[in-house]
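Order as written gives the chain letters A, B, C and D; numbering starts at 1 within each chain.
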């Protein structure tokens, strides 16, 4: 039984991780932490778990943690996380970190987009980007996983086959995505106040979203050369899900049939990536760790659609998939 | 042209009042105020008015107000309002006050439910409860209107004919209501954060909602004797509207046909109250000043359903209906 | 491994049953049927199951069924079901029937509310009403379970302790409920077309809803004497969940504290019924088999709030809970 | 007083036209028609108009129409409309046609995309494309207006300044749009059944949407040469609004400041087009005839965002704006 600690358990990725571990046959929750003002019985913080989880969410006590847990799902925010991850590693735990702090290998890019000095470059270099479908082998032996961002997960799974095969131009990829509002986190704000967000839809992060360099870095690793991505996120009036619509310029001739064949082959062994023959819907993946992809040709462009649940495949589910890999468990446990 | 000032224009009742006055043929906006941190060009505070209203929302300057406006729609919160209303009256304006400060005639009840001393009892006694369908004559000559609460508006219009005719027991009325989330105001909060409120429904204010004594006071006036109301509000995942489902015990025999006749007669001359032959829907009244009512008999009880838009008939529309009455205008202007 | 057939698998209760059985450790899907025009690969009918379930939904072939499955979850509509249940029983299967055909013991009431002659009165008498919290012992030995309606489940769990203790008058219970729209089934209709239902809320089935006699029958069994219930359902703009707000007249003095004690005792051993200290939210039970209940006193009445997911505790989850009981499995399997 | 007939009044564009004409100071409804099975009192077909409109919706009687109305808003579906428009013109009415039947000047393209022979080519040649901001002069003298499609309206207003100035490549424009569900019309369907569409988002019409050739034709007229547009629509879980996110390749260097200047100049005199300094929101234009546009530069591309209400600026509002122009009225009447 893998013993799981969740650090920063009071947000949406925390509760989603609790939900999944509760139905995981080979893992159990042993320790949940949060800021003091967000602590309390799990059932008081998250009434949906009343009768399902009797733990307390407590302020983090590193002394207690050592020996108590095998792995930490670290759900702390960007910039905060890198202050705690080294201590979690020192306490002997495997760490799956949900923040961006260990994703960007180029410190200058990190510091430009996150406006803060990186304080744990030592661990940065050994962190593995936790997208199992692309980096499973590295994940197997890792102590520290940089769990991917939600938008990069959906977009990278969608374009990886094209980049790997060198089928599309790498200087003109457009990723147009719409996310549900759990992606904005659990803290209330004027933009996401119900009467403002309900019946609404808008673009944000124009030219500046932090998932853009993350996508470009990993896309570049896959392609073997620099990739330029115009990433434009939008917020839509639903809880869960990201639909990415991606436009690429093919290098040569390519047909819709070829694309379906390519994608089917590329993901043939992947339990969580499903290739469709028509447009995916975010509702079909909501609450699951699945990514649904459809690729086709329109007016001389390759257009790929991908749908994931931002809190599951885009966060907690993928983290637990990574955890399963690290500990040699069946990769789908907790998310069948 | 009636010159309208909106005091406290930065909330939802403020923007709804702006919207209605903009389409009012005989009234114009002349002055909009808010707390300093919420001021700015109308189009910056409310982008929906870009190109439609070129005013600034400014901090209130009482000196400027006098002579500039004929009427103030005072959209300030409870407890704050009574600090400003006397000054608005002194400046020579008619005042339609959206707060509860001038609704409860019994100061002890006010102080119990609002937990604050009433500081303007002088004006309290002359304030008129602004439900035109029941108090039109008093409104005509009034300087100060206590604009009704949203729940009381929907409930009182629904039960007034029964109380007036003495058809139901007055000690066992149950008002079960569901409101859209604009009713909670424009300030973000954890309960009404989109991912918490979306796909949700819950009761609140159990036994303690401040609209309960307001309903009871006016119901008592209509009935001519004390009325006891169990009022239970709920919040539902939509922007606008209140659906009230009201259960009463008839004193004697009453049929569904009698009820329809009674309601049709009672509201025959009312432009904004429409009697239906089946259940009303909140969507049919959204964005309008209408109240849709259906009354029938079920299992020995009288059951009445009423639907209003909480921001229009439950707030800004009713306020402007009151304004129209005070100034002798066609009562429906701005809300055809 | 319990082998499960789902008869009528192409609707919402069918897909919800598939979802639960897929995560059930001791049960497996072996046979799925539907009308010919709704058949096909599960992944084509329900894309959410692509990669998760490789079965076909086929037209029912009773010959194939015998020996293939241990239990049938019969998700057929009212009136249709009683034509198939006898055959499923004859084929040697245990049957959990989702329709109303075996719920109402009084054939005259059934025929009045369902406007059709009952054609399987033989099995009607041996069917057990599948509300485990109240009838677990009878369920254990049953071949045929009449799985309760969604509204009766939420309402009966909420009032059972009061009726059992004889604390409230049984001639004046009011059940005011709001359901999400999956409750209306998977067939499109004008009322539930997205732009009509979105941002809407309305009452329906006024005085005529078929769950009213079902509630009254079971409430009467619990109370030991006739119970009269005014049940008023409403439809709200969300997918899943029923919130019931129930008003009762206490026979004598009763306090909120007594009620909480009573409910905690009554459901102390029940995994799926949780007693709260404040109002339940439908979102907290969505996707789960839990019922959240809060009981209190307001203005001399007892008011009880209960929340369930109409598709889980109100249908498929409860059916599988019943299945678990029949086969001697851990009652919570598949729904932890 | 302009006398308005609405032909095909029983759908969403019909009810939206009714709503606008009801608040129009210089126009009045005189005749409403629909298929026989959709006729009845307006208040029965559209309860939101109870007490606001006492007309009947009747089967079309061309004999009655002549002399009764000055203008027909023809809300009939594609393919049906061209069977009626000649008769409406013969009856001496001006016609604003909401269908696509008079939009595509190239009959071959029409017949390819609509799979039917065009039966009124005579009137096709004199029909004017009713986008006032671009074709106001032609509209002034027209008898027959081809009211633009909703997606083309949002997209064309967004790219017109760029095309007119020749600033972008015309062979690689991508229009990614998300529409609310009123765009799908009033007939229920499985895709737009509330529990299927709620909390959902998906692409449709991939490579085949009929608004693609319409956009290309008008864009070509504006640019003075052929324009190729990859148009990809999506459906989102809200009632009203289209957000278009448009990606163009600039021919030379262009800055965000230049773009804002260009757009401000281009639309300086237009009441219904507002140029923003940040991303538009569909909610800000919902219920209005406004189009909000923001244009900027991201990663070497020009990206333009535009928001309209699909039923107002995308249909009924624009139709009435056209009507106002034809009859020499203030262009904004009915939509202030």
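Throughout what follows, a contact is a pair of C-beta atoms (placed from the backbone, for glycine too) under 8 Å apart; a residue touches a chain by one contact, two chains touch by 3 or more.
For clarity, every value in this text was computed on a predicted model and none was experimentally measured.
Visitor: Where centres are the averaged C-alpha coordinates, which chain has the largest centre distance to chain D?
Guide: C
Visitor: B-C versus A-B: which interface comes out with more C-beta contact pairs?
Guide: Of B-C and A-B, it is B-C that has more C-beta pairs in contact.
Visitor: Rounded to the nearest whole Å, what is the centre-to-centre distance of chain B and chain D, using the mean of the C-alpha atoms as each centre?
Guide: 36
Visitor: Can you compute the centre-to-centre distance for chain A and chain B, using the mean CA position of each chain? Integer Å is fine.
Guide: Measuring from centre to centre gives 46 Å for this pair.
Visitor: From the C-alpha centre of chain B to that of chain C, how far is it in Å?
Guide: 39
Visitor: Mind pulling the chain D residues that touch 2 or more other chains?
Guide: 180, 198-199, 237-239, 280-281, 283
Visitor: Over in the complex, which chain C residues touch chain D? Could you list them?
Guide: 12, 180-182, 184, 186-190, 192-195, 197-199, 237-239
Visitor: Tell me, which parts of chain B touch chain C in their complex?
Guide: 174, 176, 178, 180, 196, 198-204, 206-207, 228-230, 232, 234, 236-241, 243, 245, 247, 278-283, 286, 296-299, 301, 303, 305, 307
Visitor: Which residues, counting only chain C, touch chain A once they are in their complex?
Guide: Interface residues on chain C, with respect to chain A: 22-23, 25, 47-48, 50-52, 199, 271-272, 274, 276, 280-281, 283-285, 287-288, 290, 292, 336.
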